[in-house]
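These notes open a run of structures that come right after.
Below are two complexes that have chain A in common, paired first with chain B and then with chain C.
On to the complex of A and B.
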């Protein structure tokens, strides 16, 4: 299963790691590329060059300190809130699903959905920006009315893998869900 | 995936000149059709039901059909209807009367995405009022797909708005592969408006579902004669004529009742007439009707009256006749072609002529010399069926699939020679920009990064296989 290569919807390479802890417990981790140093350089240079251009005309040094501050804060904001390195989905039969994403800075967010609230896991289609994409989502139900879908939790929202990757995750999730 | 896609596009276009006959010899080629129109359910109307019924019959014949329309309120995204008919509700801005705005380009990214991921081979646009349909034709030609257009309405030639619309239609249809009209009158009108070669225009009428419109004489009141009118109450449908007919006939025949279904700005005309002549017990205005309620109203009447001033193909009179009513109609547009002479009484669109026509039918009704509702229904039921429409549309697709899509240079030439020096040049420029935009999009989001959609209908349709598997499981 390692020989198959996966990409996200923009054609960037991602990797899928499936770990089978036991018959009823599997973990899927989708990792996307790290922040590239080239990209950081380009953004930093463009902000600084712009600041120097403004400084050249205004002769105000506050502009330069501002530029440094902006790049630093921007970079921290990016790695702390925007850039996601890994997204993982832990499916434990009869217990629930844990969805976690770890940001480039090391920050992690985790949510757990218990099995009584899960109706199903499906692959759905949606219009995203100017594209139509497939995505994996968990359908939630209200325990009081078990036949209706109360809300939808999309999975792998940041890495957005393509269909072949989603199908693989979907199939092994269904294996576990069908057992319990 | 990109490779597969490219070969699918080129297959019909590149060998076309030599292989045109070859394709014609293989009539059971399955197509992947995308129907595009601004008008689709939940909006109600003739175009909407036409698209839905035609798609269902094409799916039954084994073709893959998807529908693209704009988002209606909260209904956006991708939906599946009966038998796996897939509908894309694309989030495009609605301008006027449920029609999207024509900036020509803004719909391209999403429409391209639909065409590419569904592997579409034929784009079928509906209704000349729909801006999205024209946009889709324009983009499909740029992307090298075969195009078909169905015109559902008649237009004038005289006023400014129709002159402009006709020019747009000329531009839009001058390089479309095939055009379908709903009646011969409509064909003549479209050929003249868009300066087309009549050979690429086919006539395929609309249809009604005869099982939905069956007669039921027990619903009628035998001591009175009821005239049913079902139309939108607008100028085009001749509501003013109706306002003239009602008092004149009600005065002469004390047992005459009117049942009027439909809503519109001209309702006030009928209400005034009712007020003035104190006809509240004899003229009933039912307001807007849902399609499923129409039959229940039709079967209560003896005579169906249609007062349209312009009509490409009148579905209402077929529905009326199918319910076993005597039909009286104005002789305008494509109406004379619709029903055989013994089922319809045609009049000039004047109050006097319509009254005279109604009088003769009322006299016939009183003497009991009219054919029974069941016999009228038996005559009408096989005249217009959706299966027949789908069969004829399929032939159009077969023919179109063998034709070549004009390459850009010849398309520009065609635009400039057919559409006049000014409009032609402007739209030639648009065509070039559209082509460049497609190139840009192909660079930004290459075809090979787009997931091919899983087929619900068509030769590899999963929906049907699942159904047959379920059926076999039951057996």
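On to the complex of A and C.
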């Protein structure tokens, strides 16, 4: 139930919430910043000013209604498909791992990976242009080939927390994974 | 090891009794399917379970006891504990729940503990072991609650057909849970209105669910299927009459999209009217998709007919068709006159220009006379052709596409002439250009080699090259114009074919199922932690994660004879440049090409 302030790789503040439901089940939620009203107002005002300028020259009211429509549709699209509110990781020992991201409009996408397909959870590092980024990922294996890694599922892709946050989550997960 | 118990939500408030279910082999888990209530006779329970096992093919067994004590049932617990001796198991689960509390408690008794003598020492040992177990029991058992009806009806994707292959590894734990519940349907037929000796609780114990409409449809479908299969056999016999196997008719019928669509729909109806019921999920979905798309097709066709045949729309269409064809012919004539003059300021070679222009003008004149000949019959043709829409909108669209192909046949002819001429010219030019430089194409080695020509060969070759070169703009212009016209027609036909293909292949039933009953097509599961009291085991709720719409379309798309672009854009442009004849849409047909 701790809530220290962590930052993501770009410096924005995020928060981590660890909840231990039982000895075998832990849930980690990383929340990003909410949609800022200032940004919304700036975008809306700029689009409408531009539309008004075009209307001033063309005297066509369809331009204004178009601009309103575009703003509304764009905003709905952004909060429903783009803006991630929080991402959570639920580790249930001997059952599996559930990764879910919840968007600003309330939509949730969830994936569950069974324990028989999980090889390990590790922190990987990646080189992206001039940065070295650490990310937590789940290594999957084919049940027929227990020694080969078949694919990698990165976690917390939208919130991108930094190493201190990842280490905390990693240690907690390893405690559960080592028990079963 | 942690024991996972999959517990149905409908049994959360069931009266005390025995738990019937299955142990999942290979994983430490058990699926509870039903609760059989007290009073019961153990012999009858054993008989019932064997009967159910034979009917369903699932390895059922008594997993343990369930106790939810109500007032006046205090002695139940000890009674249920003693039952573990009557039903011999490896492990005996004792799940208890108090009214008013939400958490369950579970004790696991192993077989060797049951065989202990009733000594005081051993009693102490047993108590100690039980205390240890109780102390750690919240770490030893996880309860996963599932909604029985939804899990029974759901199908996990990607679909693995249950072929028991000893080489591949057994299906995963969740798949086994889903398969167990799905196959245990005979267990759920016993409801509380049955007068049998046993009373059980499961999702259907309040009364068996059925739908009158489905039952009536099932009864009606048998004679309907017989009728359809008889009609189809008559139709196939007609189609196989020898006269239709002659070469020109066979070739024609493979090119006309109406005939292709007809044979495609016949295949579908044959699948639908087969006497055997669908085995397995894939076949069931396929049949339902075919049926729904066929019905929608016919409905849309009837809608089109109702619009077409009222207010004399047909006569209006027929009256605009001939003037439209005239207009197109006039436009083409004007275009040719323009080409014969000085089009876009380019200077054409007068003689060749006149030849080509007059040749094409004569063709147009022939075509216009043909149209005028047909004009009294157009209304009749449209009237009878419109009737074909009662077989489905796809037939009307295919007929329209065929009619467009027939009416624009002259454009196709022009295109072929222009393309052949241009192609010959380009090949001639390239070969003579090689001669100009002193090289030759080596057919054996597929490369360009140097070659020494005689003087007269060089002389004639250079002359011909010059002639062809200066005639090139004229031919190229005609080729360009007719190719553009042809591409326009091909585009229009392509749109019609694509919409026919869309109606044919889109899995409407699967999409409807995904939207209205999203639990039936599952991509996976998702878990939610149920709030519980401290000191009890972990309770999770398992819900079905529905499949994404794009995956639904991809998995359940009915395979069609779809037309798709044969070449990539680069290959197409190259062919246009060289002058090869292009057939941009290719039909995925099995017999002819």
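Operating definition for what follows: the second predicted complex is superposed on the first by the 171 of 180 C-alpha atoms of A that agree within 3 Å, B and C clash if a C-alpha of one lies under 4 Å from a C-alpha of the other, contacts with A are read in each partner's own complex, and residues count from 1 in each chain.
Operating definition for what follows: contacts are C-beta pairs under 8 Å (C-beta built on N, C-alpha and C of every residue); 3 or more make two chains touch, one makes a residue touch a chain.
For clarity, every value in this text was computed on a predicted model and none was experimentally measured.
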| item | value |
| --- | --- |
| Partner chain(s) touched by A:92 [first = chain B, second = chain C, both, neither] | second |
| Touching partner for A:27 - first (chain B), second (chain C), both, neither | second |
| Partner chain(s) touched by A:52 [first = chain B, second = chain C, both, neither] | neither |
| Residue contacts with chain A in the superposition, chain B compared against chain C | C |
| Partner chain(s) touched by A:9 [first = chain B, second = chain C, both, neither] | first |
| Which of chain B and chain C A:81 touches, first, second, both or neither | neither |
| Partner chain in contact with A:133 - chain B first, chain C second, else both or neither | first |
| First (chain B), second (chain C), both or neither touched by A:163 | first |
| Residue ranges of chain A in contact with chain C within the complex | 21-25, 27, 90, 92-95, 98, 100, 110-112, 114, 116-117, 143-144, 180 |
| Chain C to chain A touching residues, read off their complex | 1-2, 4, 27-28, 138-139, 142, 144, 168-169, 172-174, 524-527, 529, 537-538, 540, 545 |
| Residues on chain A engaged by chain B in the complex (per definition of touch) | 7, 9-11, 125-127, 130-134, 162-163 |
| Residues on chain B engaged by chain A in the complex (per definition of touch) | 76-78, 88, 90-91, 109-110, 113-114, 117, 445-446, 448-451, 453 |
